[in-house]
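Let me give you the structure first, and then I'll get to my questions.
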Amino acid sequence: MRHDGRNPNELRNIHIETNYLKHPEGSVLITVGDTKVICTASVEERVPPFMRGEGKGWITAEYSMLPRATGTRNIRESSKGKVSGRTMEIQRLIGRALRAVVDLEAIGEKTVWIDCDVIQADGGTRTASITGAFVAMSLALDKLHRKKNFTSFPIKDYLAATSVGVVKHAGVVLDLDYVEDSAALVDMNIVMTGSGKFVELQGTGEESTFSASELQEMLITAEVGINNLIGFQKDALGDIVNFIDDRQVLESGQK
Amino acid sequence: MRHDGRNPNELRNIHIETNYLKHPEGSVLITVGDTKVICTASVEERVPPFMRGEGKGWITAEYSMLPRATGTRNIRESSKGKVSGRTMEIQRLIGRALRAVVDLEAIGEKTVWIDCDVIQADGGTRTASITGAFVAMSLALDKLHRKKNFTSFPIKDYLAATSVGVVKHAGVVLDLDYVEDSAALVDMNIVMTGSGKFVELQGTGEESTFSASELQEMLITAEVGINNLIGFQKDALGDIVNFIDDRQVLESGQK
Amino acid sequence: MRHDGRNPNELRNIHIETNYLKHPEGSVLITVGDTKVICTASVEERVPPFMRGEGKGWITAEYSMLPRATGTRNIRESSKGKVSGRTMEIQRLIGRALRAVVDLEAIGEKTVWIDCDVIQADGGTRTASITGAFVAMSLALDKLHRKKNFTSFPIKDYLAATSVGVVKHAGVVLDLDYVEDSAALVDMNIVMTGSGKFVELQGTGEESTFSASELQEMLITAEVGINNLIGFQKDALGDIVNFIDDRQVLESGQK
Amino acid sequence: MRHDGRNPNELRNIHIETNYLKHPEGSVLITVGDTKVICTASVEERVPPFMRGEGKGWITAEYSMLPRATGTRNIRESSKGKVSGRTMEIQRLIGRALRAVVDLEAIGEKTVWIDCDVIQADGGTRTASITGAFVAMSLALDKLHRKKNFTSFPIKDYLAATSVGVVKHAGVVLDLDYVEDSAALVDMNIVMTGSGKFVELQGTGEESTFSASELQEMLITAEVGINNLIGFQKDALGDIVNFIDDRQVLESGQK
Amino acid sequence: MRHDGRNPNELRNIHIETNYLKHPEGSVLITVGDTKVICTASVEERVPPFMRGEGKGWITAEYSMLPRATGTRNIRESSKGKVSGRTMEIQRLIGRALRAVVDLEAIGEKTVWIDCDVIQADGGTRTASITGAFVAMSLALDKLHRKKNFTSFPIKDYLAATSVGVVKHAGVVLDLDYVEDSAALVDMNIVMTGSGKFVELQGTGEESTFSASELQEMLITAEVGINNLIGFQKDALGDIVNFIDDRQVLESGQK
Amino acid sequence: MRHDGRNPNELRNIHIETNYLKHPEGSVLITVGDTKVICTASVEERVPPFMRGEGKGWITAEYSMLPRATGTRNIRESSKGKVSGRTMEIQRLIGRALRAVVDLEAIGEKTVWIDCDVIQADGGTRTASITGAFVAMSLALDKLHRKKNFTSFPIKDYLAATSVGVVKHAGVVLDLDYVEDSAALVDMNIVMTGSGKFVELQGTGEESTFSASELQEMLITAEVGINNLIGFQKDALGDIVNFIDDRQVLESGQK
């Protein structure tokens, strides 16, 4: 049914290469099918003005595409002199999602800058960015944790994102590539934690609508994808997994 | 439980004043509690460059707040020289939502510009904007329809938006005002049609998460609110209701 | 002679609704014929950098129009990314005019931000803005005065503005609406005090000129309008009038 | 009484050097005391989009200062990325003033670009710009007229500008320099024609006001200055004066 | 003598991976030591407005760095809303250099967009960009050539770039890395062709100067580097080398 | 051979008028043939943020052209809202060149702002700017030196710039005017000191290349021009020459 032969609830090929660049505190190259994103995490020893003196940290994200990440060349946002609405939506989403699983008090007055730069796009760049950025951020915060910067390990849970949608002739499917995205009646991005909680849910019927039962089917499909993605993250993170697992247990006990 | 004594699934006071301004083809002042938004619909006899020659219409929206719509004065976006990410997100949402219930082929190569200007803010400005904009747009399109501009009445269904959320000490509630919004663990904006279909679902746990059961409770609560809001829209629209009802029946038959 | 039947020195219908919005320290909705402007006054507890340490206050104004305040929709200045020359001229005029009747030393290091947002335009928006802004500012400063923020009441005189012009077929007329403005050979905006002094005089012959005798006739006509406008301001200000009157007597004695 | 010993109605030293630059169709260096402005007129063979097809010409002006035209260095507007409100006011004024004495139909669909660049500032830069720009424009239009571009000579009258003001300790004075400008209670810029008609009148009491009798005294003083300035323009224009005189006679007959 | 043990005229490790991305007509990842740049070539079927109708092609380049390509994070130029002077200099240089070896008439009215995005920086990013961009451009033009788009193969010669400099304690050296660049008294970028001709020479003594004999030594050293770089380009280009060689012979015969 | 009859190594007419403006600490009008540039030097008692606390001074430059300095009018960069790549390249070059001959430690924490405003352009505006700016800067620093602001005279050597190029039909020539520049195969700008050292060398073959022997011929030709230009600078500088000569001797002894 799907143009590339996948099952409805099957992800594309996933690969996460850690420490991809030499300068950043954390970096990965995440590959989701033909979508490739460089995610880096940079630690700055101060917070934005509106947060100074609160003793809390901050996580913020920026997102961009190389001009020729796509089938036809896009004009650079630096040349246009302004960031598009789409870019702003995506980078606000990435930052918000990551903050949901980080103990900002534990970080202290530091900012973690997440940069997601899409070098090749084939659908799902924002969810690949979140999934990759979680790993890059974990690498950076682990580095600081090992240097005794924190009182406790600050990552409270795993976090991954994927898309689901209703595609013409294929119905509800997981992890849409560009071809499916173009034929989608409904497009939904879902960010979830390792404990199965929702962090963000954005469903849109572009010039279309969706019913309550379609919504339920999409939610179930997404959960399958999220669990698999977290599996790939754990493989990439190595023994950092121990710290996150411990903290996750602690958190679930407190609720 | 709620600071203003409302039931969990009770809207604030709603008022929709139609033909509020003399120049626009359609205009309303919508009041949702202390939130007040002027919504206008302006018809332009051409479409954006990327759509020319397709024979279809377009609907686009802009959103702004007066500097002192809020408790402390905000710097104008015109003075800053750029539109914020929040504004862009909102105006993209409004346009996308309205396009879901309009037959763009029926309009022909025209653009309907929706302007939502918040003159007083107390939470829920984006959902009030959508609910009001639907009425302003209906007034404008009805005017063109009466002048025989269209082959058929172009509005396929009602459309309204509201917010639901999980608020500390109050649980799942409908139509959050500013005080509740500030205390919300989860904030969800929902856009639905008169036929009970979803158009847009945006749920966010800011530095928090939500469970599947909380999600279901929010969805049920939202539906109550949407139905009530559509009731207010029908009162405001007068006999335009007949055209929309006819078209809605036609649409449901086709699906 | 005039297209709406007014006498040459007759104002349009004037209405000033005070405390129009809940958040600002002072606010009015001023209606001059079909021209409607929301004027707000917001008090900030600091002055711009170039004035710090002088112990004086500052009054500054911003002016904007809703996109569809006019017959055809205007592009928002926030979308264009810059404020037009016309807007800058008007907001500089409003601020300068108000400062002429305020004792800035008495205010201390505070800034009063005036925002004039035109929601419906039919000519004379800048003069309506000044007339309305004077009332909004008076409400805000009175509020601070009652809280013992000032050593003396800081408003030294009334201030209102109107337009006069030479219109084809109608001669010298007061308070031009949009139709008259479009047919005007000469357009003059005049700001005056309650004591009959000039604060600002801006007369322009767009692709035309005017003689000394036409100038004198316009000045006389304007004075009639200003006096009537100040009457409406006094009605709106209630017992704040007593403070202004006392200060006005004091000022005239000192000159 | 005046710090430089001038009589109240005495201009500073005036010098107008024509054909100052080799590229522009018309150019002057105008010197008013220590204020020096390069004024150029460039002719473009088309009009702005909003005027196309009307068969009329257009005159538009731009104004700028070298960064060190003033006592302390100003940041360039190109570095700031935007033109200030003051600059916009001035360039709108220059263009509007010149258009009042030009027969735009006679020019046909051409634009005359006026550029006024202040290389040294000592007060009165906007009025010096208008007075100089009139000469530069006349040189350019004369050149086109001699090439038979026009059906009739398009300049209908002379045009000059000066300032008057009420200065502390000196009273009403003509042509304020920077020192006087800084001590002025009232500042008025006046643009007049060779026939003694007003084109523009802009009087401002910055944190001050002025009476009707002060206004009359300023108007009389300004007229003396304008007449003298037009004398200097005539000397600079040489035999172009004949064409303007003829057209001026023609115009006064038609009124 | 050099901190990494290289000889004065020794390049760093060079690697050129062709067809690095799936969408662009030509793409490479070039590695020069720790400097890594993605170079893409995109073909657009039109030329800029100023060249239309001349029957010639155009080559233009853009250059950017990922925020964390460097030791500390740089703010994105899209966030700053403008492109820096350094970026503009570099992208103008890249485009100019490539145009020197391309027969623009042979291309016809097409634009080749070169994008050089530095993902990791360790000195010499602009010269690595040129060397990599030449290969990416060759891949793209070869693809069009094979599709019979051109009358003749349009690349007239090889082109590569490197840096030489005078470094404290090391003297004249080739291909400076970041550590050497920081200690350089003189920095020179040289672009040369396969035939040993200069295309661009930019030598700068930052807060220093250089003598005629130092200049000669730098020129000799650079030539060694350029020849080696062209060897790596030939390896990467495969049988495209035949086309360039043929054209190079043809060109040298014509001179 | 040259269109204006000059010998290949002959400069155009050079004139340097010092103290051209009354406000700046140093100013000249430099004339090179028909190219005229106003160069000013302004001293600010602080350095940019990145240099604070280092006890060193800074020299920075800005460059601009009047809109009608050229044959056809250019749009102002302030109107476009951004500075072009060409302007940035030039102003970076001017600042870098001047810093090479100034003892920044001797200046202390001051910034010298150089402004080069081209009022008439006929080729070679950037080199004329550097040559003129050196004189303006020397005048300003001499003024501070006489007021005992410095421990030692801070200018270490003379500095001038000129262009050489390979022009069709004329071969290697010095100081290209606009006509020659348009016909140049190679364009090279050279900045040198009074001691014959290179400060900056920028040679470009626009859609062309140049050989090693052409390079040598250009270098020899440039040196003639630089020496002559420094002669004109010395004439303009008067007895400031003594201070520079003394410092130059001191510097050459130290090397």
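So that you can tell them apart, the chains are marked A, B, C, D, E and F in the order they are listed, and the count of residues begins at 1 in each.
Quick note on the criterion: contacts are C-beta pairs under 8 Å (C-beta built on N, C-alpha and C of every residue); 3 or more make two chains touch, one makes a residue touch a chain.
Just so you know, these numbers come straight off a predicted model, no measurement behind them.
Student: Both chain A and chain F are touched by which chains?
Tutor: Both chain A and chain F are touched by E, going by the contact rule given at the top.
Student: With one step meaning two chains touch, work out the least steps from chain D to chain E.
Tutor: Minimum number of steps from chain D to chain E: 2.
Student: Give me the fewest steps it takes to get from chain C to chain F if each step has to go to a chain it touches.
Tutor: 2
Student: I'd like the angle of the rotation relating chain B and chain E after CA superposition, in degrees, nearest 5.
Tutor: 120
Student: Shared interface numbers for chain D and chain F above half of all numbers used, same, or below, different?
Tutor: same
Student: Return the distance between the CA-based centres of chain B and chain D, expressed in whole Å.
Tutor: Roughly 52 Å, centre to centre.
Student: Counting only Cα atoms for the centres, state how far chain C is from chain E in Å.
Tutor: Result: the chain centres lie 61 Å from each other.
Student: Please output the residue numbers of chain F that touch at least 2 other chains, ranges allowed.
Tutor: In chain F, residues 81-83 touch at least two other chains, as defined above.
Student: Name the graph shape formed by the protein chains and their touching pairs; answer line, ring, star, complete or other.
Tutor: ring
Student: What sequence of chains forms the ring when you start at chain A and head for chain B?
Tutor: If we begin at chain A and move next to chain B, the sequence is A, B, C, D, F, E.
Student: What part of chain C is in contact with chain D in the complex they form?
Tutor: 82-86, 88-89, 91-92, 96, 99-100, 104, 188, 193, 195-212, 215, 219
Student: If you look only at chain E, which of its residues touch chain A in the complex?
Tutor: Where chain E meets chain A, its residues are 21-24, 27, 34, 38, 40, 42, 44, 62, 64, 66-73, 76-83, 87, 113, 115, 117, 119-120.
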